[in-house]
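First chain written, first letter: the chains are A, B, C and D, and each begins at residue 1.
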Amino acid sequence: MIEILAERFNFIIVIILMMTGLYAVVATGNLVKRLVGLSLFQTSVFFLYITIGKVFGGQPPILPEYSEGHGGGDTYGGDVVAASDYATDAAASSVSHADAGHYAAEAIYSNPLPHVLILTAIVVGVATLSVGLALVVRIRETYGTIEDEAINQADYAIDSARRNT
Amino acid sequence: MSPHLVLRVVSKLLIPLIVIFGLYVHFHGDYSPGGGFQAGVIVAAAVILYALIFGVDSAKQAVPTWFVKFLAAFGVLLYGGTGVATLVLGANFLDYDVLHPDLAHHSGQHIGIILVELGVLSTVFAVMMAIFYAFAGRAPDIPEGEW
Amino acid sequence: MEFLASLLPASLVTHAPAIIVVTPLMMAAVAAIMPNGRLGWGVTLISTMVSALLAIAIIVDVQTGGVVSYAMGGWAPPAGIEFRIDGLNAVLLLVIASLGLLSVIYALPSVADEIEKSRQSLFYSAFLVCFAGLIGVAITGDAFNMFVFLEISSISTYVLVGMGAERDRRALTAAYNYLILGTIGATFFVIGVGFLYMATGTLNMADMSSRLPDLSDSRVVQAAFAFIIVGLGLKAAMFPLHLWLPNAYAYAPNFVTSFLASTATKVAFYTLVRFLFDVFWPEAPFVEVSFLWVFAILGIIGMIVASVQAVFQDDARRLLAFSSVGQVGYMMLGLGMGTAAGVSASMLHLVNHAMMKGALFMALGAFAIRFGVRRISDLNGFSRSMPFTSVAFTIGGLSLVGVPMTVGFWSKWYLGVAALENGWWWAVVALILSSLIALTYVARMLAAIWVAEPHHDRTGAIAHARAPWLMLAPMWILAIANIWFFFQPEFLISMANAAAEAAFSGGAR
Amino acid sequence: MTEFDWTQLLDYALMAMLLAVGIAIVRLRNLFAAVMLMGVYSLISAAWFVSLDAVDVAFTEAAVGAGISTVLMLAAMLLTAREAEPVKAIRHWAALIVVSVAGAALFYAVGDMPVYGDPNSPANSYVGMDYITSTPNEIAIPNVVTAVLASYRGFDTFGETVVIFAAGLGVMLLLGLNPGKKKGDEE
């Protein structure tokens, strides 16, 4: 059992962070604090996706630059290759277009797909946070408080006042 | 000696560099980490720094609110427009190969990616500015002294 | 239908799935920079018309050619994003496009009355983004793309609900709570999709369903199922997860409520059906048990409890919002049967409920624009002053109860027949019981409108304050549809059966 | 985890810091400190993303997460309140119940999850890796993440741009841009 968990400690960290975020959202009465908990909860989802895509010994999924001119325009192609030597420290010789596909298979890269998904999720998180904060500012201006018990009491007072007019 | 003299001088030097770095991140997005989002946020950070030091009203003269609203809409239109252009040229939505005849070097893809990232850059920059103006414009509730 | 579809050039129809989502999004950007509200409304009307026409073209395509698949960016499905429209989401397209168009026609006077002048064009832009998001969720075939469109429609919905604050400040807290619960629902959905990606390695739903059956004992897939059901249940206002809905629908602007009540929860219900039947597969043990216990039982409890809560409401729109939660319970019951007849009955009820609630909320909006009505007691004696609106409201109310001569009867009938086929007599009892409760709260409202004497202080203004034409027309189109589809139900029933058949045949099997 | 490579120690340290900062944020009542710690939390997560080979995500998380979110929360906090009420006992226990149920569902599934960093786990042996082999031939740009972001899954990014646009709309609608006073008050 410990062996299984030891190999997957990243998921355990993700789950603990997820639960702290969820706890903050449910427990706190303060509206701003609840949004902080919500962004904590969303950030832990980012870790879940990225740790899926991690490959041991892998590099960031950025292929070494290779020449564009495998057909015409060799002169232009040559410079690019020369300029890009510093990028291919691992690769022995200069890399032409056809080799790039083959070369890419040799080096180990991490999975690029979760990175793309998480770029989207970060933006969604910030969008939700900014709309939430705009609502909290408006609530503060109309109700004068951002504690949800006080807000409920204010609404309840108006309701009961209206009910017996 | 106006207040924050050191801040003013340093920021006068820094802000253009930040904007240039933002554009570098955008245009170098094909080769190194970066792209529309990061670039938009960096350029917005530069203008927010300007607003913090020289006051929100002077920032509003530099980047007026109607321009921010227009730029946000322009970004979405630019992105969608690239897609509609590929549709008009006969391929599926957002299939950039039709944008440029030279298929060997995939220049259609490169053009499409740069255009799309420009759309993202302008929308993200405009929205970050809009959010900053919306929050910064309202009277601060807590008096300065109490920090 | 065919005549309308033939209007469009062939090249446009092949790209219809992309254009139907992109037009509202780009028109939203155009509407945002419009100088005044009327121009914003014009842009919105044009783009909803275009989307409605394209929706008809796609539906005709689906009926003739089976599944319509569109690869975004020209990349084949597992690598690129695919739009996939079969019988199941064709029904959704029909509902969203038609109700969206009618709501926009209804919008001009209602928005002019409730939203401040300088913000109307931005308001229409937010509506267009929500409209495009709902269509996107309905027709995308990629799990993560569905999350992106879910967020697009949700964020604009939070803003639209929050805009009700110019009339009633409680709209702000309603929008805030909706945002928190909606975001938790969307994040649970993303966790579920992440687990499915972890187990299958792909994000395309059709591809995912071909790889899932041989992973049936993997606990990751079971956890993914649980998280996706809770996430989408939150979005669909399934019974225990519906707490955000009553306040959100009650305090939002009237136009927003009439659009959301007839489309938003329906789309979330569709995603539940899509994931249950097309991504997961009903024979799996953990899915099998969920049918009875999660969907059927919770559906029935939801029907009864929400209808009872509706009876005790005194705010007219909150009453209808609680009844909406009850109606979602009907759909969940149909889904919980797990049979083709059950799913077809729930899809039929989905369309019928969209028509009923659309008419009801539009009528309430018309009452509100003239007299700013909030409580049911304010509705007294409205039949004298606004006869047309009252008749439309009555037709909608009777259809809600399921009285013969209205379309609600058929959905209750087919739900009952499906339940009996399944041998669930207790489901039929629950159906009848909740219909009786629905009768009480509808009768309460109709009595206020037709029987009660108007308030003394309004007799002067009550002479004949008819609702503006732009509000009456869509309201009456829906009211007439409620009756017409009772006598000509074949079209809706064939669409519902095609949806059920598509649900069962989709996916791996 | 065959031979012991030292970067693992860095990962352990970052994870420990993340946990500590996360729990501190939840327990703090002073909102100013919580917002500052949120910025710290984003920067540490950006650091861990770098060691997880997710350089684009680290860049975005640092710029958007630590930069803009912290500025936003500070501005909002300036406009609202600086101190949160203590958590009531009833809500504390309700939260613990919800959290333990969700946590149990997650821990139940940990057993079958692929091993951390396993190259032939289902996720790392199918669509994700195909992008690396097909990008040189079909799009020919080095940064595969940008290729997937803008071209293969370009429609996702279009949806994302609309999400940011919708958030901008929302803030403009709810709070208004309060333009310069001299040009007539737009509100």
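To be clear about the criterion, a residue touches a chain if its C-beta (ideal position, glycine included) is under 8 Å from a C-beta of that chain, and two chains touch if they have at least 3 such contacts.
All values reported here derive from a predicted model rather than from experimental measurement.
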{"item": "Selected interface, A-D versus C-D, where C-beta contact pairs are more numerous", "value": "A-D"}
{"item": "Centre-of-Cα separation between chain C and chain A, whole angstrom", "value": "31"}
{"item": "Cα-centroid distance, chain A relative to chain D, in whole angstrom", "value": "4"}
{"item": "Intercentroid distance (Cα basis), chain B paired with chain A, Å", "value": "20"}
{"item": "Residue numbers of chain A (touch at least two other chains)", "value": "18, 22, 31, 52, 60, 62, 65, 68, 113-114, 117, 119-120, 122-124, 127-128, 130-131, 133-138, 140"}
{"item": "Interface hub residues of chain D, defined as touching at least two other chains", "value": "55-56, 60, 64, 68, 72, 75-76, 79-80, 106, 111, 113-114, 121, 123-124, 127-128, 131, 140, 142-143, 145, 149, 151, 153-160, 162-167, 169-172, 174-176, 186"}
{"item": "In chain C, residues with contacts to at least two other chains", "value": "25, 28-29, 32, 72-73, 75, 144, 148, 151, 155, 158-159, 162, 197-198, 203"}
{"item": "Chain contact graph, described as a line, ring, star, complete graph or other shape", "value": "complete"}
{"item": "Contacting residues of chain C [partner chain A, same complex]", "value": "144, 148, 151, 155, 158-159, 162, 165, 169-170, 172-173, 175-176, 179-180, 183-184, 186-187, 190-191, 194, 197-198, 203, 314"}
{"item": "Interfacial residue positions of chain A with respect to chain C in the complex", "value": "18, 22, 25, 31, 34, 38, 41-42, 45, 48-49, 52, 113-114, 117, 120-121, 124, 127-128, 131-132, 135-136, 138-139, 142-143, 148, 151, 155, 163"}
{"item": "Chain C contact footprint on chain B (complex, rising order)", "value": "69-70, 72-74, 76-77, 80-81, 83-84, 87, 91-97"}
{"item": "Interface residues, chain D side, partner chain B - complex", "value": "55-56, 58-60, 63-64, 67-68, 71-72, 75-76, 78-80, 82, 138-143, 145-147, 149-151, 154-155, 157-158, 160-162, 164-165, 167-169, 171-172, 174-181, 186"}
{"item": "Contact footprint of chain A on chain D as seen in their complex", "value": "1, 15, 18-19, 22-23, 25-26, 31, 34-35, 38, 41-42, 45, 48-49, 52-57, 60-61, 64-65, 68-69, 72-73, 75-77, 79-81, 84-85, 87-88, 91-92, 94-96, 98-99, 102-103, 106-107, 110-111, 113-119, 121, 123-124, 127-129, 131-133, 135-137, 140, 142-145, 148-149, 153, 156-157, 159-160, 163-164, 166-167, 170-171, 174-175"}
